Structure formats: C-alpha cells, structure tokens
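Paired with chain B in one complex and with chain C in the other, chain A is shared by the two complexes that follow.
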Partner chain A sequence: MTKQILEVDGLKKHFPVGEGWIASMMRAVSGGDQDVVHAVDGVSFDLLEGETIGLAGESGCGKTTTGMSLVRLHEPTDGEIRYRGTPLGEMDDDELAGFRQNAQMIFQDPFESLNPRMTVYDTISEPLRIHDIGNETARVRRALEFAGLQPAEQFFDQYPHELSGGQRQRLAIARVIVLDPDFIVADEPVSMLDVSLRAGVLSLLERMTDEFGLSVVYISHDLSLLRHMCDRIAIMYMGRIVEIGDTDDVIMDPKHPYTRALIDAVPVPDPKADRDRVTLDGEVGNAVDVPDGCRFRDRCPSIIPPEDVDLDQEVYREVATLQRRLEDGTLDADAVWEAAGDTDRSDLASFKRELRAEYLTGSLSGTNEDVVETALQQLAEGDEDGAAGTLAARFTSVCERVDPAVERRADIADDRRVACHLYESDGPTTASRRGEDGVAADD
Partner chain B sequence: MSETVLDVENLEVYYETEDGPVQAVDDVSFEVEEGETLGIVGESGCGKTTLAKAIIGILPHNGYVNDGAIRFRGEDLTEMDERRRRRHKWEEISMIPQSAMNGLDPVYTIREQITETIQVHRPGTDRLESDRIVDEMFELVGLDPDRADEYPHQFSGGMRQRAMIAMALALDPALILADEPTTALDVIMQDQILQRIEGMQDELESSMLVITHDVSVVAETCDRVVVMYAGQVAEEGPVDEIFGNPYHPYTIGLKRAFPDIRKSDQDLMSIAGHPPTLVDPPSGCRFAERCPMATAECEREYPAERRFGELRTYCHHADRIDEEFRPVADRARTWERTEAAGGD
Partner chain C sequence: MCAQVSQSDGKSVFADLEEEVDEREEISPWRRRLRLYRRAFAEQWRVLRQDSFVVVSTFVLAFFALMALTAPVVAPYGQTERLYSDDGTIAQWEEPFWLGGDGGHYLGTTAEGYDLFSQLLYGSRAALLVGFSAAIFVAVIGTAVGLVSGYYGGRIDDTLMRIVDFMYGLPLLPTVILLVALAGPSLFNLLLAIIVLQWRTTARVIRSQALSLRERPFVKAAKVAGASDRHIIARHLAPNVLPLTFLYGAFSIAWAILTEAGVAFLGLGDPNHVSWGTMLQAARSYDALVHGAWWWFLPPGICIALVVISGFLIGRGYEEITNPELQE
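So, the complex of A and B:
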C-alpha cells in the first residue's frame, strides 16, 4: 500500500480584516467580534507518495492559501497537517528543519520569486548552505542540468534579469529539486509563461515527478492543464473542497454542480466543438460572512426543493431568490411601490402585481401559490419578517439548512468525495469528525 | 459580397532601438470584412500587439510604420494627419486593451467615464442620450445598468472587464480590437466574457479583431485566423481549416502545445528554441531554425505564398505536409530534433 506523505485534516486558515485602529476602536465600543476572511475553511485530503493532486477553483476559492499552508508558509487557524504521521504543529526545531527541506514550493511568477541580486549559482546553493548539505558545486550543476539549463557553468554567474521567463522558471525548479524534496507545491507554475515555453516547463515538471518520485500539489484554475498533469483533482469553492476524486472521473463525469459549471466553462481548441454551457449567476459569495448550508446554493443551478414542493427548478429558484432577498434585507420594497406608481401605499394589489412581475415570472399553483400569496400580502402590509418566515416555512431548501459534508456518496460508484445534497449520504458513520467538514479520506 | 472594413497591406512596423530597427511587423497583409471576426494568434514577440497598436494608432514613440498601408474603409490611416486620425480612433475603431480591468480610472464612476468618451467624440450629446447609451451598453455586456454609477473598485475583475467592453462599444465602432480579452481572468469569468463577445457578434454589425495567444479563445470566437510568427504571417484561413487541416508546421506545433480538457492522455509538444531576433532577422523562413521539416532551402529563401482553397500558407514544404509531416506531428520525437537545439 502506498504511504501517505501528507494528511490534511480539517485545515482552516482565517485572515482578520479591519485591523486598523479605527476599526479596533469601533469594535471596542460596539463590542463586536473581529471579522475574518474564511480563506480556507475545513479542507481535508491525503497526498500519497508519488501522487500528483490538482487544486482547482475560481480566484479567491482558497487554493493558494491551502497550498501555502501545506509547506507551512501559513500557520493554520485550525485543523492539522501531518507529514509522514507527525503533526506539523508538534514538530521540534530539528524535525521542522527536516520538513522544510522536504517540502518545497514553486511560485507563479518567476520574475518575483527570485532574488534579483543573487546569481544563479547563489540562488541554488543557498538552500544547500541553509540545510548544511555538502558537495555544493556538483549538486548545483546537476540541478541546473536536470532543469535544462545547459551547460550549467555558463549560467553560474548570471543574474535572473539575464534569463528569459522560461529559464527563470527552470531556475526556480532547479532550486527546488536541489534539496531532493519529498513533495512540492506548484502554484500556477506556467501561467506566466509564454505558450511555446509552457509545454517545455510542463514536461520538465513531469520528468521531475517521475525521476525523483515526488508528490506534487498543482494549484491552477486551468483545468485542461490539471487534467494533463494530475492523478487526482480537488475542486474548491469558498474555502472548501466540494469534489475530489480521480482526475478522469471528475473531468469526464463531474458530480457537483459547481464542478460541472467549471468544466463547462473551459474553452476547447476546436471550432467545431459545441460545448454545453451552464451559466453561473453572480459571483463567489462573501468569504467574511459565510452563509449557512451549502456555500454554492445561491449560484447553484440544481438547488433541491423540499420534498412536497413540486416545482420546476427555474420557478423554485425564483421563489428561493425572493426568500433570500427578504431574509438578508436586499429586497427594495420602496422601489416596488414606486414601480407600482402608488406612493401612499394603499393599492396592495398593484404592489403584489409589480412584485410578481419583477421576481416571479413562472407559474405557481395549489399550496405553493397560496403560500406565496400570503407572503406577498404580508409584505404589502409592511411585514417583511413575516413574509420571509412564511416563505421559509414552506420553501426552505435542504441546501440552505444543512451544510453538505464532502464525503463518499452511496450513489456514486467510484472513489470520490462530493459535498452535495443531490447525492445520498453514505450513512451516519461518516458524520463530521472535525468542524463542519472533517471527513477525512479513507483512501 | 460584403464590404472590406480593414485592409492591411504589406505592413511594416519598426521600433527604433540602440541596436538598429526591430522589425516587429514585417510585410503583413490581411483583410477584415464587415461583420467578421478575425483572430490573430501567436506567441509573445510575434508582433500581434504591435499590429493592433499600429492599426488604432497608439504606437509608442519609438515605433513607426516603415512601409505599407492600413486602409480603413478604403482610407489609408497611415497617411492621415493626426487630427483626422484621432476622430477615427474610438469612434470608428475601438480597443479592448490587454488587462482592461486595470484601465479604468479609480476616481470616476463607470458612467462618468463612458459619458466622457461619448462627449469627447460627439460633443453636444445631451445627458439623457448619453445615459441611455450607457444603460444600453451595460445591458449588452450583461451588467446591471443600476450599477453604472458605482466606482471601479466596487466591481469584480470580470465586471470591470465587461465595463471596459461597454466603453469600447459605446460609440458603435465599425471595428473593435480586442487584445487578449480574457487572459487575466479565471475560467468562469473568461467564459462569461467569451459569451458576451459571441452575443455582441450576433447583435452588432461590428467587425472584430481578436488578438490572443490562446488557441481555444480563437477557436470559439473567430471566423478566420491569422497565425503570426516572428513578425510575419505564417498561415491564414478560415478557422475550421486552421484547426482542422493547417499546412504550416508552426500552426501544427502551436496547436499541440495546448492541453485539451477533453483528452485524457495527450503528449504536449513544445516547439523548442525561440523566435529569431528581429533586429537582424534571417532572410529565409523565420521558423526554419525550430522547424522539424526545415531544409537548406528554408534557411536560404523566404517561402512564397501557397494556397489550399481558402487557406494561404508560407512554407516551402507545404506540398509534403500531408504525407510526410502530419503522420508524425503527434510524436514527441518529431519535435525533439529542435529540443536539443536550445532551451528557452
């Protein structure tokens, strides 16, 4: 059985916002809690020996913060990362030094991640000196040659500005492999490189993985690239993993609605391809004030109505949107009154008509219609909370109430974990171990 | 027969440098018809952005048109004096610049910025009319017109990009240049912008020139494609032909440098080496040094134009591509010869 290099268990990293003195004085007066950005909010996965995992998601989903936590460039707020069984937080200085030698990171921008005042030789030999490893020149030469910077001696005395972008990224790779690490986090390793250089650097990375038996975590929003490079892929949304599994399974047959939208959005180099498009409304939600329930629900094209509510997805989404707007106070009743042309607010019927025209274009009937009508009446009478409550009592989705755990699903055959209520939970035994999302992979 | 909006003929754009003129664009010709979207694709340094800047007339101070013509509806822009040219700029030809999301002024609302553009080019437009244009453009690019009165920092990157597109469309230009319109964006945003661009193509009669290194973006948005290499046209033709049956080894290689999400096990080909310096470019085929098909002839002589239906290509060995090159183009070894020739 393959050994785990890294076990990530319920990793959280929150960043405080509003740390200025005015904000802190305001807090002192009002007694409120400090706001935090939930950059990473409960991420669990294992990295096996020799395995490559891709972390994908939109900007701001927490993939880079996760990657930086893995090599301990961030101290986790909560949760645990174990390296070969030992939690990073419990390591003594020697163990930590050993970990730092074995855990390396390649950054996105080779123009910013290299010290402009150090020569190529110094750049690569510095980590050797820090870790007190001898036979410097030979190791530096070997690393450079491996990275395709040949003949190595010619590069020794050059400075980063004398190198092209592709050569700089090769230098960054040479600096990483000179320490013979166990695992590497590569954050968008080729996104700053020109087209024709990408393939070259990618094949170098592949060679590196094979020859050194490395485990690699690739971070990228480019799913075509991850498909090409990774054994497994994890899709992140708002600080969580929403789906993780074998790359081919995830790409060819995405289960989570977000994964599907993400994959459908990838353009393909074929003018004849007529790809399906699921348009995602809106933007990634607020990472400071994270919603209860499923974090993707406001943009989700497959939100689940309660069992006895039999409505088309579109109509249901309209009602759900109305309910949400009432709950978070973003429904502008004044504007509706204005649109209804009734400033003294006596013509309740025209208010309701106007509101329906704006928010509820689909047709409702039976109990659904009755409940909506009651809510609209309450709203017309000025009772926003009452209207919200009326709608909530009937229409609240499981997606809104319950935060789905990322876990194995009974109705998905392959070995993947998905955080979505559309799929059957694998039973109560896999309930959260830590935080909201603590179900560790059992692979 | 539809009208030709833009006709670029034997264009040469040079940059003056200490080492002598850099021939960034050299003998480039192509046409853009009304309502057509033309893609210009190539790696950085191939001259595609220089070309766009020459067309709209914003070359940096050391850049100049050495020879050739850029005809916009028959009128040569390179001959036009600066004042008349300025009127053309934005009103007839507008541009969605690279990293457009950073091109907005942070201290003015989006509406003020678009209105200013309208006022400058159509003095006397009243407030109501310009507000109406702003609202209409916002709807077109999928933004809520109510948010036009917000400042750029209140918009996400993708929204700012769309606001920039709205600004480029405001004067209903006949030609829109889009320079890497989606490069700085992530997948979801990129897809939204591409959908907007496709929607615009249906709704407006404007022609578009899409400049990008991303062959997928070209495949999805363009009718025809110009593949540029080292300042010259390597190949040009309808998008289906360029992707389906290209004849230039560079086009074939470029296509294989991109991973395709639909394919599980693909070998990516890298075209090793780098484009020649354009201060003193080789007299023969500029791709010869990196080309697996290259012979002595290629290094000596610049290839003449060859036509295959609607496709034109510049390769000495175009006739042999079908039999000798296509069958081996997918093998990594084919490109290896050049791999040894140098890093990047």
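So, the complex of A and C:
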C-alpha cells in the first residue's frame, strides 16, 4: 500500500481580480501585471493508495481550491497534479474518462450539490449513464443501501427537497460510490449537518473508505474531525502548506506556530482546564499582494529577531508591528498628533511620547533604544520612509527576508515537513538559524 | 454489459454485479419518465388550480381553441363569402336578427356583405395560430440561446448578447410593418417578424438564470462525474429554467396576438385570412362607429381582450410555480 495515487507538485491556482475595461486598457498600455488572488500558491504533497489526508486551515486559505484542483474542476495556473503517474493536464480523452470515473468529490452543502429537479434514482444513475455502465438499477439500489437509505426502492422517485439534510448527504455519498472510485475529495462533508447527524455520516464515510479501499482528501477547519478521520494532516495558510505530517504527531506536538495556534483554538469541554493558549491577532493577510518572506510573520507569536538584537519576544513584536505599519502606510501620524494635543506639530517630544504609549509599551535599552529613538525622531519630523528604513536596518527579521520552504527539519525527529525558520533546515545550503523560545534546538 | 474494472484490489461492493444482468430488475426508463412527468404535471396543476383566475382563463383559452378548430363546421357562411338578400342586392349593413335585422345573421353583416359571426369564428384561427406558434418558437429559441450564452460565457456569451442588444434596438411595430411590407403581407411573414423580435427577452432572462445555475455545486458534481457540456445543459440547466420558459411562453402568446391584431388593424394583415384585427380594420374604414354598428367592432375587440387577458393571467398564475415565495 505504498503506491502513490496522486502526486501534487507545486500546485498554484491564481484567480484574476476583476477589473473594469478602462483599468484593463490602462494596464495594457502601461504593461503592468494584472492583480491576482493567490488562492493556492505552491502546494505539494503525495497521496498514497488507501491513505486519508486532511487539509486544514482558516477560511480562505485555499483548501477548497486545492481540493477542486485535485478533481480537475480548476486548471492549475502552475504546477502539476499526477494521477497514477499521468499529469491531469496531459490526459487524452480515454484517460480523462477513466480519471472522471475514479476521482469523485463530496461537496459541503447537500442542499446545493443535488439537482432539485432530479429524483434520487436519476441522481445516482446519472454517473452510470455518463460512463455507460450497465446493470443500472441493481447498482443504484446497492449504492443507496450502502449509504444507509433503505429500503432503496422507496427513495427512487423522491426529489431532494423531500429528504432531510442527513439523507441528502447520504444521497450525495451514494452518487459518489456508485462509480466505485478509488480517490475522493470530501469538502467539509458534515459541516452543514446537524451535530446529531454528523456521527452517522462520518461513520458512513469511514465504512466507505475501508470497504472501497479509498484514498480520501478531507477538507475541513475542524481539527478534531480530521484527527478522527485522517492518517496524515496538512495545515494550510494563505495558499501554502505550513506543516504536514502524521496526524498524531501534528496534533499532539505541533511545530509550526500557526498549527499551534489552530490547535489551541479547539475548544476543550472542561471550563477548568488549564491551558497555555496561543491566540492570533489580526486576519489572514492579503492574498492579492502577498508579502515576501514567511506569510505568517505578521501574526506570528514566535517571530525571530535578528541574532544581535536581544529583545523579549513581546517587545520585539511591538517594534516589528510599528515597522510594518510604517512600511505599508497604515500608521496614522495625524491621529497621533491629535492625541498629543498638538495639531501644529511643534512639540516633537509629546508626539514621541504619545507614539510610545500607543505602540511601544515594553522597555528598550542600548542600541535598540537608540535606533528606535532615531526612528521616532524622523517620524516626528515627518519622514516616514526614513523612519521605516532606520527600523528595518536593525530589526528586519529573517522571517521577513526569507520565505521558509516546506521541508524536513533536522531538529524534528518524525517524518514531517514544516515551513518555519524556527527549525533547522535539512538542506545542505541553509545557514543555521537561531531559535528563541526553547522549542528549537540551538547549535 | 459493464466494462468497468475496479482498480482498488477487488474490494468493490459491486464486484458481484459485473456478471448478472437481470432484465426484469431493470426499471424501464420510459415508463418511469412517463410516471414522473405525470406526477409533475399533476403537481403543477394542483398549484395552478388554487387560483380561480387561472382556471377561468384556461377555460376561456380552451373555448377559443375549440372555436378555432370547429370554425368550418359551426360557421354558417365562408369567411369571405358575399351574401345577397332575397331581392338580389348585397346584404350589407344587416343588423343582428335579435335587433330585428333581416336574414337571420347572429351578428349581422359587414358593409361588403360578409357574415360577421362567421368572420369572428374564422378570426380565432389566425389569433391562436399566431399566438401559440410564436410562443413555442420564442420559448425554444430564447431558451436555447440563453442557456448556451449563460453556460459557456466568455466570447460566445458576448457575441450572442450583442445580437440580443441589437434586437433590443429594433422597435416592435415599425419593424414588423417594415418586414411585412418587404416580404409581403401573409400570416407566415407576420409570425416570423414577431418571433424575430420576441426571443430577445426570453434569451436575456434565461441567460441570467444559466449564469447562476452553472456555479451551483450540482453542476460541479456532474462535471466531476464526467458529464459533457451538452449533458449538463440538457439535464441540469434546462430542467431548472423550464418554469421560466413556460412563463415567458405564456406572456408571448398575449404579445403575439396583440401584435397581429395591431398590424392587421394597420392594414398589413394577410388579405386571404380574416383575423380579428382585419375585422377591426374593416370596421374602421367603413366607419362602423359612425353608423352605430357596434356589433361589427365590439365582438372582435372583446375576443382579443379575452384571449390576451387569459394569456397574462395564466402567466401570472405560473409565476407562483417559478417563484415559490409567492405561494402561501
């Protein structure tokens, strides 16, 4: 059971941002690139035969787009998906028909994924007719019974609106298994169902996976569900996989700061439970204008200071936030002047005091203090770019400069890949990085 | 028989089904389909029946349809058969017999000596022929163009919609008059003109529906199952826009009849067939109003109004099916 059924290699899917025709003409004249949403931006993983893998992440991290690309509902912008060794993009008609028969998808919303004007029988027999598979009635009956819609005949002439939510999702599952596939993408298969129905549908999915020897990609934001269903788990953030490994390893001992935050966000049904939570600030970043370096750095609780900057993590994050706000122009100097009670901008000292009160609550000393003071002075004099440059020269993190690769890390024993500078790269070319919070070994 | 070979190590629960095909077990697709259609029809009729306007309108249309079919049998005279009185003169301007007119004509005669009752009966043929043929063609063409345009999008959509835009630039009556004037006044040319000018609205509406339908997950599910574009349009999009197609078909019955009557009234009707519009036109040109011969122009006017109102009312009743929010 080690054969790869699916290899995903550097999958990218970018969607053009809608623009008016005037903007599009201006762009044609000026020769600029069109803005794109980087929905999926370089995802690679293998799916072995009979394996279940979970894709997890926040809304908008690209997990559904990845899933849809796997069954060829999207053409990848770049990269390749190989099914049993054949790239999806290069399949001829016969190969594609075979792929369509063997790769299926279960959708999130059972109310939307069934044609309201087709009966149960028509819905299930449709794939059989498309692929010209005989023995229709017997197969339809078998599929319905397997999915727990019994007695099957009673459902034949019913329309989806006559079924309950759980029955509909069972119907959607029956439609998928009637073709006897070997690979399924399940996109949030139970998230639209009542909690009381979930267990039943999940056990049906498990039974299906076992009896059909299926390889399944589960897409969900629900880590406890994925933990229950999957052999391996991949955590996605902004179109990238940040950590992928065996489910138990990843859940019990998350390495990437984002994974840790996700797992800490899973509620525990014990109000007294004493937990050391990592919570995230802010929202998922801008998928149109993606940052250089690590995509998670703006929200990362463990961002790495440069080697000679000896600062507490909290203080460092404050400085980094200030620097970022200066760089992307979201620092509102006018508001600070107003708060300082000096609108004609003469009292530089009170401006700096106000700025420190708002952004820099921790204590700084030595070179760090000098650099920050210089930057604040520049800012008070109205030189925002200069201030940003001053801060950048001293405080720019490796997370900001270098995009971490998803790779095996020398200081993580198990077989997992993590995209974070906190860990020692396995690659021969990467220089040593300093870990700061004790998770990473320091050499 | 089935040629599918399971690739997952024979673990399929369908494995034993490859061999035996029990013909008795197979459900006859035709009988099934017929049963489902009957059920859907009964269901829609049940909804329609709740609206008494729709029931009355249906009977009115059925009455006129019967009238059109039986016109040659029921009509006492031919539609352009000149009648003479006993003294050999043309029997013109006869009053209906129940107003004391001679010759026992139900609705009197025209200035040219034609029997008005017979003309009224024959006139229903032109109206219904134009109404229903136009409705069918408008619905079919509009739906086909709308579905293709909405489903494929992109350049195909642009091309088809620019044609529709162009059609929208044509004013209805002047264009019909021009076409009929160029191609000659016949019922067929009139019908053609009406169809050419009517499919645009249906195409627009169906396109917008297709645009939203093609993004629905059940279309994606069909794609994943390997369905071709044609299959998706025919099996997934078309059935879901069918109620709208009917709705616009019902409305175009009324529009087509009105247009035919209007064009005939302007004197561009088919000279070989009497229609309610040509009756009105004759009444106007012989100043029936001045002569107080209301039995000449009132019956065809009422007939046109009844058929058109019935078409609209049925369309309105059908809206309840297309738009379930209107149902109580």
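As a convention for this text, the second predicted complex is superposed on the first by the 408 of 443 C-alpha atoms of A that agree within 3 Å, B and C clash if a C-alpha of one lies under 4 Å from a C-alpha of the other, contacts with A are read in each partner's own complex, and residues count from 1 in each chain.
We take it that a contact is a pair of C-beta atoms (placed from the backbone, for glycine too) under 8 Å apart; a residue touches a chain by one contact, two chains touch by 3 or more.
Predicted model only: the values in this text are computed from it and were never measured.
Visitor: Check the residue A:136 against both partner chains and state whether it touches chain B (first), chain C (second), both, or neither.
Guide: second
Visitor: Which of the two partners, first being chain B and second being chain C, lies in contact with A:331: first, second, both, or neither?
Guide: neither
Visitor: With the two complexes superposed on chain A, say which partner A:144 touches: chain B (first), chain C (second), both, or neither.
Guide: neither
Visitor: With the two structures laid over each other on chain A, which partner does A:119 touch: chain B (first), chain C (second), both, or neither?
Guide: The answer is second: A:119 touches chain C but not chain B.
Visitor: Considering only touches as defined above, state whether A:101 meets chain B (first), chain C (second), both or neither.
Guide: So A:101 only meets chain C here.
Visitor: Could you list which residues of chain A make contact with chain B in one structure and with chain C in the other?
Guide: In the superposed arrangement, which is not itself an observed complex, chain A uses no residue for both chain B and chain C.
Visitor: Please output the residues of chain B touching chain A within their complex, sorted ascending.
Guide: Counting only chain B, the residues touching chain A are 43-45, 156-158, 186-192, 194-195, 213-217, 219-220, 222, 239-240, 243-244, 254-264, 266, 268-272, 274, 343-344.
Visitor: Under the touch definition given earlier, write down the residues of chain C that touch chain A in their complex.
Guide: 1-4, 6-9, 11-14, 17-18, 20-22, 25-27, 32, 35-36, 39, 216-218, 220-228, 231, 235-236, 239-240, 242
Visitor: So in the complex, which bits of chain A are touching chain B?
Guide: Residue positions touching the partner: 58-59, 148-150, 164-167, 170, 194-200, 202-203, 221-225, 227-228, 247-248, 251-252, 261-273, 277, 279-280, 283.
Visitor: So in the complex, the part of chain A that touches chain C is made up of which residues?
Guide: Per the stated touch rule, the residues are 68, 71-73, 96-97, 100-105, 107-109, 112-119, 121, 126-127, 130-139, 142, 146, 156-157, 172, 175, 179-180, 182, 211-214.
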